[in-house]
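Each chain carries a letter (A, B, C and D) given by its place in the written order, and its residues are counted from 1.
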Amino acid sequence: MLSFESDYVEGAHERILQRLIETNLEQLSGYGQDCYCARAKEKIRQACECPGAEIFFLTGGTQTNMITIDALLKSYEGVAAAKTGHVSTHEAGAVEFHGHKVLELPEHQGKICAKELEAFLKSFWQDENHEHMVFPGMVYISHPTEYGTLYSREELKELSSVCRSYEIPLYLDGARLGYGLMSRDTDVTLPVIAEYCDVFYIGGTKVGALCGEALVFTKDNMPGHFTAVVKQHGALLAKGRLLGIQFDTLFTDGLYFEISRHAIEMAGILKEGLDKKGYRRYLESPTNQQFVILENEKYQALKKEAAMGFWEKPDPGHTVVRLATSWATRREDVEAFLALL
Amino acid sequence: MLSFESDYVEGAHERILQRLIETNLEQLSGYGQDCYCARAKEKIRQACECPGAEIFFLTGGTQTNMITIDALLKSYEGVAAAKTGHVSTHEAGAVEFHGHKVLELPEHQGKICAKELEAFLKSFWQDENHEHMVFPGMVYISHPTEYGTLYSREELKELSSVCRSYEIPLYLDGARLGYGLMSRDTDVTLPVIAEYCDVFYIGGTKVGALCGEALVFTKDNMPGHFTAVVKQHGALLAKGRLLGIQFDTLFTDGLYFEISRHAIEMAGILKEGLDKKGYRRYLESPTNQQFVILENEKYQALKKEAAMGFWEKPDPGHTVVRLATSWATRREDVEAFLALL
Amino acid sequence: MLSFESDYVEGAHERILQRLIETNLEQLSGYGQDCYCARAKEKIRQACECPGAEIFFLTGGTQTNMITIDALLKSYEGVAAAKTGHVSTHEAGAVEFHGHKVLELPEHQGKICAKELEAFLKSFWQDENHEHMVFPGMVYISHPTEYGTLYSREELKELSSVCRSYEIPLYLDGARLGYGLMSRDTDVTLPVIAEYCDVFYIGGTKVGALCGEALVFTKDNMPGHFTAVVKQHGALLAKGRLLGIQFDTLFTDGLYFEISRHAIEMAGILKEGLDKKGYRRYLESPTNQQFVILENEKYQALKKEAAMGFWEKPDPGHTVVRLATSWATRREDVEAFLALL
Amino acid sequence: MLSFESDYVEGAHERILQRLIETNLEQLSGYGQDCYCARAKEKIRQACECPGAEIFFLTGGTQTNMITIDALLKSYEGVAAAKTGHVSTHEAGAVEFHGHKVLELPEHQGKICAKELEAFLKSFWQDENHEHMVFPGMVYISHPTEYGTLYSREELKELSSVCRSYEIPLYLDGARLGYGLMSRDTDVTLPVIAEYCDVFYIGGTKVGALCGEALVFTKDNMPGHFTAVVKQHGALLAKGRLLGIQFDTLFTDGLYFEISRHAIEMAGILKEGLDKKGYRRYLESPTNQQFVILENEKYQALKKEAAMGFWEKPDPGHTVVRLATSWATRREDVEAFLALL
């Protein structure tokens, strides 16, 4: 059975496992105070060209989103996000569970638009009753988005500019950041993100790690006593080494970028093959997630041989599926899948 | 440098790492829906002799405590626990952060006493103003306790009986459960715990795993939609396999018990050595944590060669230290440490 | 200066003040355990023709909404409401602050539609990923809505039927309930509401009281230990008599209905006058809130002589204002206002 | 039936009711933006000799405590309070419900001691693991305490000094503040409190109002957007006038102090009478709450003629009762009660 269902169906990159074994019996301090966490942070700072960045390792995306949002917002503030943002839709209400409203903005293939954001913020502050409303206290974007789309450097700059004029942080969810950075159609780099975003995270779980996200505060803005904040959210690993060693490995010799590029190449072969066979794509994604429109019969037949992500039914006769490649995708599997079409 | 500072300074048992490698490229469902989680659960059910047990894997102790307590309590209820309980003292207020008071009971070397618990519960319900107070909604115990001490089977039975008469669950924090079960001075087994406790967890992080705790509901009492509850607490791992594979390995061929027994043997050698050299113990612990009273000078000298956990100063001239052995402790290290005394 | 800005600019109906004076030195139990609370509850049960109704008095609308929603929902559930519902827009995020998402439904002049609600619920339960989403755990409607509109008996029945088939409660926010019940264009009565809604509240603050809302559980479904729940939300008045005496007075000799009818009559005169003078209404409201479209110049001129609620700008040249009558509105003030037009 | 059960069994001082009637039909802005709130604030500032004080009116004590504590603390901080403090014992866990631990300090007849507070704070900051503990973020005291006792000016100064050296606010719960200020045995005045405390509230509910507490921030330290914070806790009254008019009246012509002095006089007569008849007091209270030790038979007999507050059983043969006088206590009732002894 082939699988293109998601980018987290395999374990971890072999170099990570190897390093876990090599370091296994070293006696290290707990709670992220070990040398591997320190090294990983230093390497990430360099990759971001942001020497003052403060970094914290967490285990998963929803956890990272909820803690970051909860730590940055005042109690009466909410987070503005696309209606389709992961925090709005697929985190079981973790943001609200921690007391904050997700203020939904219109989405354009998963992206928000600086003009609409500005109009929303302006309208809030002009409203005489705004003390009875939820204050917009930060902005959340995902990059790549839930639809695989990317912001351009110019778009990030515009969003950043709006946020700064309203003095609220811009937060970027990079669960699949590697796949965005290695896209052929992007002018956004890690240093660009570090410049325009106040906080962002570099996704590990979907890009070669067993688990782990690296949360980066770029503007000397990590909330005070952040360890205590993380602890009270139940997110402080006793063996912080597990995260440190993984990110140290991912940011050694460019591994994170190398394995991300592989996923993009595999997605490229997939797209080309689909195009050749005349399949319509649901939208144009420059990253590792591809959305294809299949006739229902074709979908049913294919499902028996390849796991795919069901996305939606655009009309009664068709099904949109999501096909995800990853660091672990094998070229022969892509070719075998294309052969089934 | 020797280290007896804690039981989480090394990585994971080698068999676990080996299994991670062997299974690494298998394509598995996410969020704990994989075959290794299923197998691990089945093996735990058998070890508990509790065929109906419902099990959920989480990443750490504080996380497990806060989710379990939050999920089992109504909003107006609190959890009764020893004043020295981990939830009372060293979880950064995670229980209160999630809305619940820790109702502190007197402690006896870390343990609570059924009679005092009963008196507390009775007094609450007799108080005319109890609608203005925090309702005791469950009882938390740790086994081994934070002082390394253990409940006897009879004591568990008594606590359980009090809880049942007041219709509140008894929850056992087993962060170091293996070391309790393999103590030479215990009549408590996993099936005994499964019988008397309504919920408990089997600690992995401190007993051979990279991370992970197995939360066990023994009485058909897992809260509905528990996956959503875990998700909204930010605790649902995308690659649930990481936890499943670890617990599957730990509960194959009795590995969990075997490595726990090793820690107890090492603690035994340590105790014997300390006794021979005339060191006083702070209290009598039958598990892997040993508490020793050192003269301050001795403490300062020793610290240069061996990491130990500072515990407290019982008087100006002495220091109590905690020495922890673990699944990974080497006999030669214990002997080297004793030679330093 | 005339004022039609809102329905809470005056104090309380004089009969209420008189009763406060008459009973002032009676020594009564605190926390709602007094005889006036008991009498008021009994009168409300009768007015609702719901002998088993359980009733709790609270001080304000947002407080009542947030406590009811928080008490009825499980932690992973949210409340479905119109995008324009008071809980969605003007309660400073009190629902989210207490941990729950407001699941926004399309609105039709403030109302939701049973078909769309059913489609939403169906779609949630059919989604394979619903454990990662917020569960719809109850439905919130306001009656009259924020636009002054009313549900028909048939519409309430349909909403109730959808809720029952999904086993979730239907909750009605009756901040202005009197003005809805006394509308000339309604077939909805208190017993109808008590039949179709699982919980609702009868607004006092906007209908003749100094403060106070009567929360009514109609189906033997008041959450256990509700006093403790209210207390922990900071909403339990020591002198519960303040609320009991007010509702006892409002439900004696039909005062609540009588003063509500007065507001409707005043609104009728206002509407008629506006129509005669050719003013367009923004929407057709059968209750005490009227929405009128004014030319900007007219609006600016009028503002100097009469306070009105700014609503929105439908186009650059016009302004929509809300004019609210109430139990305290004087006929001569309505006439004076019309004379200004 | 006589009643000395509590100080909130009657309604409000007649001058308050009279003012409610006089102002009843004035059309006033909502949410505390009316002229009576403004006047009341100004009068309180003058009484406190604190021209910069920022004041907010809330409805009850638990509400005021929970909002103040929640608004002043960071998420990882708790509030230090006497074990017997109202927030520790009788607020249904409202502080914990809003996410914060009450850090219990030893109590001395309801009071905490500056030395013990300092030792606690010092010990916290010296603990190497304090990032895993709850940070002490503010200090709560009640004055009078739950036992009717009072801090001296010197004691307040010492507590204040400790708080300032640790840069945490000192908060004083003045639910019965008038009765403390008018005690014959105090050197503490409103300006003294305003000097040494960072925040405090002047209790209205127990001192002549129907409901209402005046929360005073003395050091330019009201949290930003406090109206929104109050709103999201469900505590913003639409008709803020209800609170403004009451406090305006209480602080006109010294009414608050005058009626408080009356309660103290009545307590004096009560104490003298008890002493004469040889009754032992449980502790020495200089305020309106008196604690008397009765033989059980006497208690049972008295209960039939006078409501008293049950406090505790110090031994099997005796009962401690609390007798509370108030602004409304009639001298003839005190005398009638004494005659029963």
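The rule is simple: a residue touches a chain if its C-beta (ideal position, glycine included) is under 8 Å from a C-beta of that chain, and two chains touch if they have at least 3 such contacts.
These numbers come from a predicted model, not from an experiment.
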Ask   = If you tally the C-beta contacts for A-B and for B-D, which one comes out higher?
value = A-B
Request  = Averaging each chain's C-alpha atoms to get its centre, pick out the one most distant from chain A.
outcome  = D
Query = Copies chain A, chain D: same or different interface, half of numbers shared as the threshold?
reply = same
Inquiry  = I'd like to verify one number: the distance from the centre of chain A to the centre of chain D, where each centre is the average of its C-alpha atoms, in whole angstrom.
reply    = 50
Inquiry  = On a C-alpha centroid basis, what's the spacing between chain A and chain B, in Å?
reply    = 34
Request  = Would you kindly tell me how far, in whole Å, the mean C-alpha position of chain D lies from that of chain B?
outcome  = 42
Ask   = Multi-chain contacts in chain B: which residues touch at least two other chains?
value = 75-76, 91-93, 97, 131-132, 228, 231-232
Key: Residue ranges of chain C in contact with chain A within the complex   = 75-76, 78, 89-93, 96-102, 104, 128-129, 131-134, 310
Key: Complex contacts: residues of chain C adjacent to chain D   = 1, 3, 6, 8-12, 14, 17, 20-21, 23-30, 59-64, 66-67, 91-94, 97, 205-206, 210-211, 228, 231-239, 241-242, 307, 328
Note = chain B residues touching chain C in their complex are 70-71, 74-76, 131-132, 135, 224-225, 227-229, 231-232
